[in-house]
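Scrolling down, you'll hit the structures one after another.
In what comes next, chain A is part of two complexes: it sits with chain B in the first one and with chain C in the second one.
Let's look at the complex of A and B:
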């Protein structure tokens, strides 16, 4: 009894102090950071670690429910590389990433430069371009699937009308074109995002630098090479890194346009990983492929973070 | 003397806004011309039109005898120092200096030698490998100047180059820019809103307002003979006092109040309403009979000078001696009649 009498007020005081610090002290900051940390660890961190772990384990129907499974070492990685489709998928992934990013960046940059020219309505029209970015990938995929359709697609009609092709090209089912069909759709999808980021970068370059360069004797091309590009260095680094991540994440277009076919000629790593895990139920290989991609994204992220650290302005 | 820059009837419209109205100006080779006026008077627009950064709506522009109206800035052979300096942030001082040379295909060694030479004249020799962000305001200013002089252009244009510097540095750079101009024998056009800069640096001052040149001339001529009330009020610091009054019956004074009259050195039209302009530094505290009076509203003493402001704020007086007046004192004033300016109350024109 006496003990309780003594500790009661002390505990109450502690509680009050804790609540007070939550209201207006450092406790509130910890609470906010803590909520974010819990969310990150639970929703991103643990699944990521579990995924990496799984890529080093033997996973089958009998061990699916357990966390600790027979250790496989690098066997899953060896198996994935030995898959007959591996090099085809690697090549497709490279084509998809390189040309999607290249197309998005070059056309996005051109559009950003175009809309930086301050003609009437420039910012309004630029805003409209964002529509493509807002649209769900599956919807974009469905639309491009129709545009690219071999027998009734509008692209074939246009190309034939212009006399560029004589007979229909079966974009989605011809092994020579299937990956390009998805690349075209993906360029369209990511264009607005690239253009927007690059527009922001362009707008941040002071106008008087161009004027000074102009008086120093630089023509438009020289101004682009000696002022615009170097001043955009960090923006370009960010756009390319985010572009790489975004392209490696791009999934919706594949089921909507080619489903990876024909004969895996348009399968890329992320789609392959999904097929392994959720169509063939080979979770170990699916996890392994995604870890391989994770390493690539990680490298891109490091480049991105470093490029934003090297701000030259000021 | 030949005109290095010749402007004839320059007009500039921004949509409905008429920024420059039939501006004509001839800038002699080797002269230092200041364009001065309040914000929005068109002085910067005029400078940028000379540079080619703004296209003029109509009129003729000649630089070194050549028609320049349709010529792009990079072919005008003109250098400009910007208010923000506009240094290339991603280039070192040396690269900033040699940028124009490299564009024009000058060899690396030659460009380097020239940069070293210019750096020596502008005091930048120790800073050549630094980036602009590592420089102080005054050093950036020097880089901007160095970048201009390395090209040996037909004219230097300055767009309020000192406004980002602190007061002490501004006074120093004022002298440096003028000394540089004299050493290079350059033609300079200098835009400023600070009439002190214009008066102290320039051989020729052009006062602008609302897109029109109000008056141009040698600095002291503008000070002594302002053509209108605007120029009179703009040139000189502290600003000229303006007092409303009527010319007396005998035409030898301006009646400004009960028994108060500002004397005139010449005969004026009797009974005409006028605005009398008297500079604060020309007013004297009367020792004997005063010609007019004011009531002290404010006394400021800087040690070297005493500033008295009248109760109604209309009159200010500067004396280099220390005056023992306090607020509320009634002071008798006197002035040399030759230093009184008369302006028309409606048009503001000098009478």
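Let's look at the complex of A and C:
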């Protein structure tokens, strides 16, 4: 009886302190971190682990719903690399990522610089460029599919009218052009996003830096190299890493424009992974390819984080 | 007090539920198919009729888009929510029947007075058979032949449709007229099932099959196809166009010949402003072996069903209505005992006659549980040859290696 009487107030005090810290203090922080972690683990972590697990297992329609499946070790990885299309897909993925990002970035940067000139209506027209960004990929794909059509395509008609080509270019059916057809559409799709982020970065550079440089006699090109580019470094890093993720995620354009054809000449890793899982019903290989892509993105993000770290602190 | 109120509520709702249930036990059948997604079709119409005609059975019909059907069924089967009856495209059927996902109905069919296995065409029947047992019944069938523009043929001084692939190529050259945007021929060599659908018959007529693709005859015809594409007698876009779009260019007068099937006929009667006809798919040598693609869907009962008797009754009802499917839905029954009605549209009736003859030579794709992978090997080879990445012989040899791996040879 006495013991209880003694501990009663102590427990009550502990409880009160705990509740107080939940409202304002360490407990509150832990609560916030905890909620974020639970969300992350449930929505991203578990599916990711499940995917990695699947790439080491034998999967077929009967084991699709279960977690424990026959272990395959690295066999899925070996099989994927041995696929006749593997190196072609790797090359296509590289072309698609490199040139999509390059095109989006260079043209996006040029447009951002252009609209930073503050001519009348500059911000309104810049706003209109966002139209491409709000359109769903499948719609964009369908439109580009018509533009790039071989016999009665818009682009061919224009090019012929200008006298640039003599006979039709079969953008979607010629192995020499098919991957470029998707690259062109993807550059158009991602252009506005790049331009927007870079415009924000440009606006953040203090005007007086340019004025001072101008007084010192620096010309436009020198100002660009010595002020704009260095000041934009973190923005450019962010744009490029987001561009990499966005390009590796780009899927809608492929089924809408080339379906990966002809003869896999426009198949990229993400489309291949989908084909394996949902057209050939080889879920293990589909998972394996996506794990390979994940590793690539991880390496790229590590490089990005490392390259910007010293700058943030400095 | 509170608890009592909830208890009362529960009792009332339970009572209401039992009141809503008729005196006799009702069975619910889930039926899935692609019909009814964009237009009324066989499965949705007959399911509704069957539901209305049977007091003891409730049919829950679900229309699923073509591209999602197999995936959706795989997922449902894996999680134990599979439908009772499902209608698959014939090459997809073996994926399920070979793994015990479909109900063996061999004995039920043998005892049925409505469904008789001997009435079905052999090709469609093969697609629902596995290991000597019957796992479903064909729903309808189709095949491919050559549509040709009689006006353009007359202009070019050609009197008969081509009999061999060499002849088809020769005619294509004569009929090509770049000034008027006319290609000699069009077909679908797309990277997908449609590509295999059009190319596999050639492998079959050369004496091969899906398990033996690297034949001399197939390489020879593939070279002819390449010749047509390279010389502009057929559009390069045959590599990306599906059959429906490819034949669209024929209807608008931009191609003089088109390889496609009976599903085109109704639109062609409407759209084509010229005289046209249909011929059997050419052979490799004059009078040589014939073959053609076998299309169409099958019905099957999934092995997880709790009501196999009622599900089989539904199949019997569907089969008993087969004589209506040509008139109402333009689909050809996969049965030899049904006389198709004359529509009175002269070109349509003539076309149907050719397609019915062609059906006698139609051979199924597979059946094989990993058909989709075999199919990819075949259309990949076809595309590699047509784009000049490999010679026809090498491409087919590579496909053979891939297929051997799948077949475990």
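As a working rule, the second predicted complex is superposed on the first by the 261 of 314 C-alpha atoms of A that agree within 3 Å, B and C clash if a C-alpha of one lies under 4 Å from a C-alpha of the other, contacts with A are read in each partner's own complex, and residues count from 1 in each chain.
In this section, a residue touches a chain if its C-beta (ideal position, glycine included) is under 8 Å from a C-beta of that chain, and two chains touch if they have at least 3 such contacts.
Since the model is a prediction, treat every value here as computed from it, not as a measurement.
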### Task
Sticking to the clash and touch definitions up top, decide whether chain B and chain C on chain A clash or fit.
fit
### First, second, both or neither for A:263, with chain B first and chain C second
second
### Query
Which of the two partners, first being chain B and second being chain C, lies in contact with A:149: first, second, both, or neither?
second
### In the superposition, chain B vs chain C on chain A residues touched
C
### Task
Would you sort A:227 into first (chain B), second (chain C), both or neither based on which partner it touches?
first
### Task
Go through the superposed model and pick first if A:216 touches only chain B, second if only chain C, both, or neither.
first
### Query
Thinking of the overlay built on chain A, is A:208 touched by chain B (first), by chain C (second), by both, or by neither?
first
### Query
Which partner does A:45 contact after superposing on A: first (chain B), second (chain C), both, neither?
neither
### Smallest separation in angstrom, by C-alpha atoms, between chain B and chain C in the superposition
52
### Query
Taking the complex as given, what residues does chain C use to touch chain A?
70-71, 74-75, 77-80, 95-96, 99, 101, 181, 190-192, 235-240, 249, 254, 372-373, 376, 380, 383-384, 386-389, 398, 402
### Query
Considering the complex alone, what residue numbers of chain B touch chain A?
51-53, 72-74, 76, 78-80, 82, 84, 86-90, 99-100, 103-104, 131-133, 147, 151
### Message
List the residues on chain A that touch chain B in their complex, please.
### Response
206, 208-209, 211-219, 222, 226-227, 230-231, 233, 312-314
### Task
Could you please specify the touching residues of chain A with respect to chain C in the complex?
60-65, 84-85, 149-151, 170, 172-175, 258-265, 278-282
